[in-house]
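Report on one structure; see the data block that follows.
By letter and in written order, the chains are A, B, C, D, E and F; residue numbering begins at 1 in each of them.
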Amino acid sequence: MIEGQSKELSRETHDALKRISTATLTTQLFKRGFRNQFIQGVRRVNQNGPRLVGAAFTLRYIPAREDLDHVGVFQDPEHPQRKSIETVPPGQVLVMDCRGDSAAASAGDILVTRLMVRGAAGLVSDGGLRDFDQIAGMDFPVFCAGPSAPLNLARHHAVDANRPIACGGVAVYPGDVMVGDGDGVVVLPRCLADEVAADGLEQEQLEEFVIEEIRAGKPVHGTYPPNEETMTRYAAWRRKRGTTDGAA
Amino acid sequence: MIEGQSKELSRETHDALKRISTATLTTQLFKRGFRNQFIQGVRRVNQNGPRLVGAAFTLRYIPAREDLDHVGVFQDPEHPQRKSIETVPPGQVLVMDCRGDSAAASAGDILVTRLMVRGAAGLVSDGGLRDFDQIAGMDFPVFCAGPSAPLNLARHHAVDANRPIACGGVAVYPGDVMVGDGDGVVVLPRCLADEVAADGLEQEQLEEFVIEEIRAGKPVHGTYPPNEETMTRYAAWRRKRGTTDGAA
Amino acid sequence: MIEGQSKELSRETHDALKRISTATLTTQLFKRGFRNQFIQGVRRVNQNGPRLVGAAFTLRYIPAREDLDHVGVFQDPEHPQRKSIETVPPGQVLVMDCRGDSAAASAGDILVTRLMVRGAAGLVSDGGLRDFDQIAGMDFPVFCAGPSAPLNLARHHAVDANRPIACGGVAVYPGDVMVGDGDGVVVLPRCLADEVAADGLEQEQLEEFVIEEIRAGKPVHGTYPPNEETMTRYAAWRRKRGTTDGAA
Amino acid sequence: MIEGQSKELSRETHDALKRISTATLTTQLFKRGFRNQFIQGVRRVNQNGPRLVGAAFTLRYIPAREDLDHVGVFQDPEHPQRKSIETVPPGQVLVMDCRGDSAAASAGDILVTRLMVRGAAGLVSDGGLRDFDQIAGMDFPVFCAGPSAPLNLARHHAVDANRPIACGGVAVYPGDVMVGDGDGVVVLPRCLADEVAADGLEQEQLEEFVIEEIRAGKPVHGTYPPNEETMTRYAAWRRKRGTTDGAA
Amino acid sequence: MIEGQSKELSRETHDALKRISTATLTTQLFKRGFRNQFIQGVRRVNQNGPRLVGAAFTLRYIPAREDLDHVGVFQDPEHPQRKSIETVPPGQVLVMDCRGDSAAASAGDILVTRLMVRGAAGLVSDGGLRDFDQIAGMDFPVFCAGPSAPLNLARHHAVDANRPIACGGVAVYPGDVMVGDGDGVVVLPRCLADEVAADGLEQEQLEEFVIEEIRAGKPVHGTYPPNEETMTRYAAWRRKRGTTDGAA
Amino acid sequence: MIEGQSKELSRETHDALKRISTATLTTQLFKRGFRNQFIQGVRRVNQNGPRLVGAAFTLRYIPAREDLDHVGVFQDPEHPQRKSIETVPPGQVLVMDCRGDSAAASAGDILVTRLMVRGAAGLVSDGGLRDFDQIAGMDFPVFCAGPSAPLNLARHHAVDANRPIACGGVAVYPGDVMVGDGDGVVVLPRCLADEVAADGLEQEQLEEFVIEEIRAGKPVHGTYPPNEETMTRYAAWRRKRGTTDGAA
C-alpha cells in the first residue's frame, strides 16, 4: 500500500488535467511503463457534463449477505457507504469497488446529489447506478457500468473506505488522480500526476497542431509522429498563437 | 407454475405504477424478500418514450434448427411469434425469452408497429431487435438487449406462448406486472402488485421531499432514511402540498 | 482464401446498398444459407452519420509484446497500422481485427480524420476507439466496440493488411462488401453483392408498403409475409408511385 | 414444435449409435446442413462410464423466485423435477434446461440413483450437479456443466416436462436422440437418427482403417479423405475382417 | 463488518463438519435464508485429498501496478502475501480474494508447502495456482480456479490480511468457517456454524438411509423428502445401527 | 513481424527447457518485462504425457463461411490445415489460432496421430479437439481448450500458416519456443530462449533446495527469496550433490 500519499493536487496540475484527454494521459503512462491504468467497463453518465479531475477517495463493497444487509443498516451513521458520502473531502472523487458487478446499484440520485452539494469532484463506480436519468441530467461528472435499479443491499456490502481497491480492473490507491472524459476514466498514480500533467499538456498542443495538418491533407508519416520539418512548423504555429496559453 | 393468475390490473394500481420508479419498486420488493426481479442486460430503446406498465404475455424461443427454421414458417398463422403478436391483449406487455442471446433479432419494426397498433402496452426482450432506429423513434415503450440485424430464424425458434419464462435472468409468469423506465425493467409478482404500488407511491413522495432536503444542504444521516424530525417536516410538507395529489 | 476478388462495386450495386437496411440484407443472406455475416459486439459511433457502404480493406492485430510494441514503432512508414491508413483506396472500408478486445484503442481521431480526408468509405473495428467524442462528431461512418482511451500498443500489434480476418465473429475477406446502419454492420460476400443488392431493393420496397398496411391496421398474417391479395394491392401501390425507381 | 415424434429407437439404430463417436455424428450432421447440434459447456461426469444413447425426455427450469421455491415444494408429488425423475421411461435420457447456469445443482446423487434404478439411459444437464464424486462413481452416463453444491431451489424452478428446450445452446425436442462420449453430447434430430446411424457406422469403420494407415506412416492427403487407391485397400481390409462385424 | 468474531471452532462442530457434505450444508443454509454461500468458479486441486474444514484467515489482492509490483517486494518480511503465509494460525484456512482472475498464480508449491508445514487447515483462492501438479500431489486440501503459471506479481498486489473479502462471489469474513469437498467450498457464517453442523449431521444420516431406500427401489415421493412411514422406518434403521453416533 | 527468426534450438537450450517448469519460465520473463506470455484458457490433454518443448509452427483460422467451408475442401492437398500437418518440421510444435473458440474441434485423433508420426514436438490450440479420449491416451504433448466434437469446418476456416498469430491471448511468432507442463503453455520469444533457459535452470536448482528447506521447517522470509545465509547453505548443498549438472 501507499500510506499517506498526498491528496492535494497543485492548482497547476489540476488545471492542466482539466485540459488533457484520457487518450493523451494513457499515452504518457504507457511511455512510463504503465499499461493498465484505464478503468474497463465504465462509461460517462452525463453526456455533456464537465470533465472529471480529482484525487480518489475509495469505498469498497464485498458481496451482500442476507442477515447483514437489510434496510435497517442505513440507520447507522457509521455505515461505510453513507459515511463515505458525508466524508469525501471537497474536490475529491468517490471511487467505488463493486467487483464490476452491475446487477445492483451502488448509489442513486439522492446520494449523488449529496456528493455534489458537498463539493465532491465526481463519482466513479464499476457497478451500476439507479435513477440513471436523473443523474445523467446533473452537472456533475459521474461514471459507472450502467443503469441498474436494484438496491445496493441486494448485491453489495460496503465494508471499508480509503483503502486501496480494484475498480474496473485497475488498482486505485487513495490519493491517486482520477481523470475522466468521453473515453472513460484513467487512474494517475499520485507520484506521476505532476509530470504526466506537464507532458500531457505539451502533447495536447502538439496533437491540436497535428490534427490541423491532417485535416489540411498531410499524410500520417512525418506528421504523426512529427518529423523534424513538422516540428519546425509546429514551433512556428506555437509562436503565432502566443506563448503561455496552452492547449485550450 | 401459477395457473390462472389474474391479468387485470386495477386502474389505481396501474396509475400508481406509472408514477413509481423501478428503483423504488426494487426497494419495495427487497423489503419483502425478493432480490432478483430486475431484468439484467436489457435497456430502454425509446430514450424519451413513455414508461412501461402492463401485465406480461410471454413468448419463449429456443435455439433455431436449420431444417425447422426457414423463411417458409411465417406463412403459418399459428407460428408462435406471429400469433403472439396478434393475440397479446390490449394493455399487456409482450415479454420474450431469447436466452439472453442478442446475436439475432427477436422482432423488427413491422411487428413492433403491429403490437403498438393493437394496443399492447409495450415489448420486453432479452434478445436483440432489428430496425432499431425506427423502433427508437416510436412512441411505444420497448426494452431489449440492443440492436441486432439478423433475422430471428438465424438463432431463435418460437416455441410457445403464455408459459412461465426466463427473461434477463428473472422468472416471468404470465400476468406478472412489468414496469420499465430509464433504469430498466422490474418484474412484479402479480400477487404483490397492489401492495407494492401503494407502498411505492408513499416512498416516491417521501423521496421527492428527501431530495429537496438534500439539495438544500441536509446531510444523509437523519434525512435518508428520515429520522423523527425529518418525518415531522415531511408531514408538514405533505400537508402544504395538499393531500390527494401524490408524487407527480 | 479468395485471392484477387474484385473490389470494384458497380455504381448500381453501391447505390442500391445505400438504400437497403442491414436487417434486409441479413434476410437475403439467410435465404441463401448464410447465417453468420453480422458483426457482433460492434456499434455505430456517429449517431447521425451517413450509412456505410464499401469494399473491405483489412488490417490484422495480434496481442502486443512489450519489446516489440513501443512508441518508437510509429517512426516506421511501413508500420502496418499507419501504412494501412495511407493505402486503403478511396471508397473502401478499413476493417480491423482486434480479436474483439476493446481494452485498448485501435485508432483515434487523428488516424480517422486522415482516413476521411483520403476518401475512405468508413472504418469498422471490433476493438475500441479513443477520442470517441471527436469521432462521433465527424460526418464519416465509423463502427467499433466502444470508447477506449489506451494506446493501441498497450494491447495490439498490427501485423498484416489485406489478408482474410475475423471481425466480431465474422470472416471478412478483402473485397467483401461492408454495409452499416443503426443496427450494425453486415458483411456481404463479394460474389453475392450484386444479387443481394437487387433482391434487397425489392424487399425494401415491399416492406415500405407492408409497414404502411400495418400502420393502417392490417394483421400480420396475410400481410407479412404477403398473401396473394396483399401482393395485388402492392402491385397497385407500386404502379401508383410511378416508375421503377426503387424504395427512396 | 414437433408433436408426437416417435421416441422408439430401433434396436439396430440404438446398437449402431453405441459404437459411433460424437465426432463422427457431428460430421454426418454437418454434411446434412446441421451445424449446431453439439451441447456446449457440458462434460462427462463418469470418466469410465458407459456411452450415452437414448431418446430425450426434457425438463425445463426457469430462475427461482423466493416465495415459490422453498423446501416445502418437494412434498408435492407433482413437482416437475421430482415427477420427471419418476416418469422418464426406461431407455430414455433426462435432459435438463438450466439456462447454462451452474451456480446451483440441478440434481444430486439421490435423484440420479433413482433415475438409474428406474432404467433411464442417462442424464444431461447444462447446469451443475451436487454429490459429484458419488455420481462420478456410478455406472451410469451423466453429463453436466460441473460440480455445484447449492440446492436447485437456490437458482432453479422446475416448470414443465417434455416440451422443447434449450440445452447448452442446442434445441432439444422430446424424442431427439442424445448420444454422449468423452467429447460431450450430440443431439440427433429424431427424423435423422436412422440414416445418421447407418452412415456413421460406415464412417467409423473407414476411420478405423484410416488411423491404422496413418499410424503406419501414410500422409494425410490421399488417406483422409481417402482417394481411390486408399478406398481399394480399404475394401480389401474390410473383406479381410469379414463382413458383419462392424466397427467394434 | 464483523469485528472480533471467534475463530475457535468447538471440537464437536469441527468433527461434525468433517462428515457433512457441502451439498448438505448449502441445504441447511438455504433453509435459513442464505442463498449465496457457495464459492463459484473454484475446484478441488487434490483429487483424493482430505476434506477442508477450518476458520477463514483472509488475504486480499488488488490488480498489480508495474512500479509497485516487482520481484524485489518479496525481500520485505511485511509483504502481505508472505506475511499471511507465516501468520495464519494452525487449523485455519487461508482464503485469497483474487477478483476471480486466474490469469496469474496466487501462490505456488513453496508457499503451499509452508502453509502445510505450519499446520494450516488448507487454502482457498479464486485465482490460479502454479506448480499445480506438485500441489495436487500433497495431502493438503487446496481449492482454486485452476492452474496458472505466471508469477502473482504479473496480475495481483497483496494489500491486506484478515479483512472481509469477496471470494468466488461470496462474502468471507475472517472467522467464517470454510468447508470443502468434491463439489467445492461453502462459507458458513461463523454465527451459524454450530447449529448448521448439528442439523447437517442429522440430515447426512437421513440421506444415508434415503439413498439405501432409493437403491432398494423406493420412489422419490414419500422417500425424499420422507413421509411419516419412511420416518418410522428410518427411526428403526437408526436404532438398529446402534447409538447416536452419527453418519460415519 | 519477426521475419526469418531462427527456428533451431540448440541442444543445450532444448534440454534445459525440458527440465524447467512453466512457472519458473514466467518468472524469468517477468524479470525481463514480459507479463503476457502464458497462454490463457488452454490445458494439458495428456495427463501423464511428456513435457512440451519446441519451436512454433503456426496455423491461423478465421470464422467459417457456409459456401467456402464444406467437406469437399479436404480433397485439396493445399488446404492450410491439412498442409500444415504435413509440413510442420520434426521437433516443432503446431500452434493453432482458433480465436479461443472451442465450439468446434481444431483437429482430431487422425491428424494428431499424423503429427506424432511425422515427429512433431506437440500441438497447442486455443480451440477444441475431438476424439479427446484417444488423444489423451497418446504419448504426445497436446494442449487445447477442451473436448469438442464438431467438425472444424462448422466454425473454423484455415487461412494461412507460419504467420504471427494470437493463441490464448498471447502473440506467437513462428520460431518462438513453446514450453508446456501441468500448468499450461508459455511462449518464449525466440531471442530470449537461450538466456531464459540458462537462468531458469539455475532457478530450478535453487527452488529444489528451497522446497527442501521449507519442508524441513524453514520460514518463507530469508528462504524464499533466499538471504545470504540461505545462499551459503545452498552453495554447500550444490557442492555436495556434486557437479554442475543441473536440476534433474
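Basically, a contact is a pair of C-beta atoms (placed from the backbone, for glycine too) under 8 Å apart; a residue touches a chain by one contact, two chains touch by 3 or more.
Given the structure is predicted, the values throughout are model-derived calculations rather than measurements.
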Chain E reached from chain C - shortest hop count over touching chains: 2
Option reproducing the contacts of D-F, where over half of them reappear, out of B-D, E-F or C-F: E-F
Chain centre separation (chain A, chain E; CA means) in Å: 38
Separation of chain D from chain E, taking each centre as the mean of its C-alpha atoms, in whole Å: 33
Geometric centre distance via CA averages, chain F-chain B, whole Å: 50
Residues within chain D bordering two or more other chains: 35-36
Touching pairs - complete list by chain label: A-B, A-C, A-E, B-C, B-D, C-F, D-E, D-F, E-F
Residue numbers on chain B that touch chain A, as the complex places them: 21-23, 25-27, 30-31, 35-36, 38, 40, 43, 181-184, 186, 207, 210-211, 214-215, 217, 219-221, 224-225
Parts of chain F lying in touch with chain C, wherever the complex brings them together: 1-2, 33-36, 62-68, 99, 157, 159-160, 163-166, 169-171, 189
Chain A to chain B touching residues, read off their complex: 71, 74-75, 77, 82, 85-86, 103-105, 108-111, 113-114, 117, 130-133, 136, 146-151, 153-154
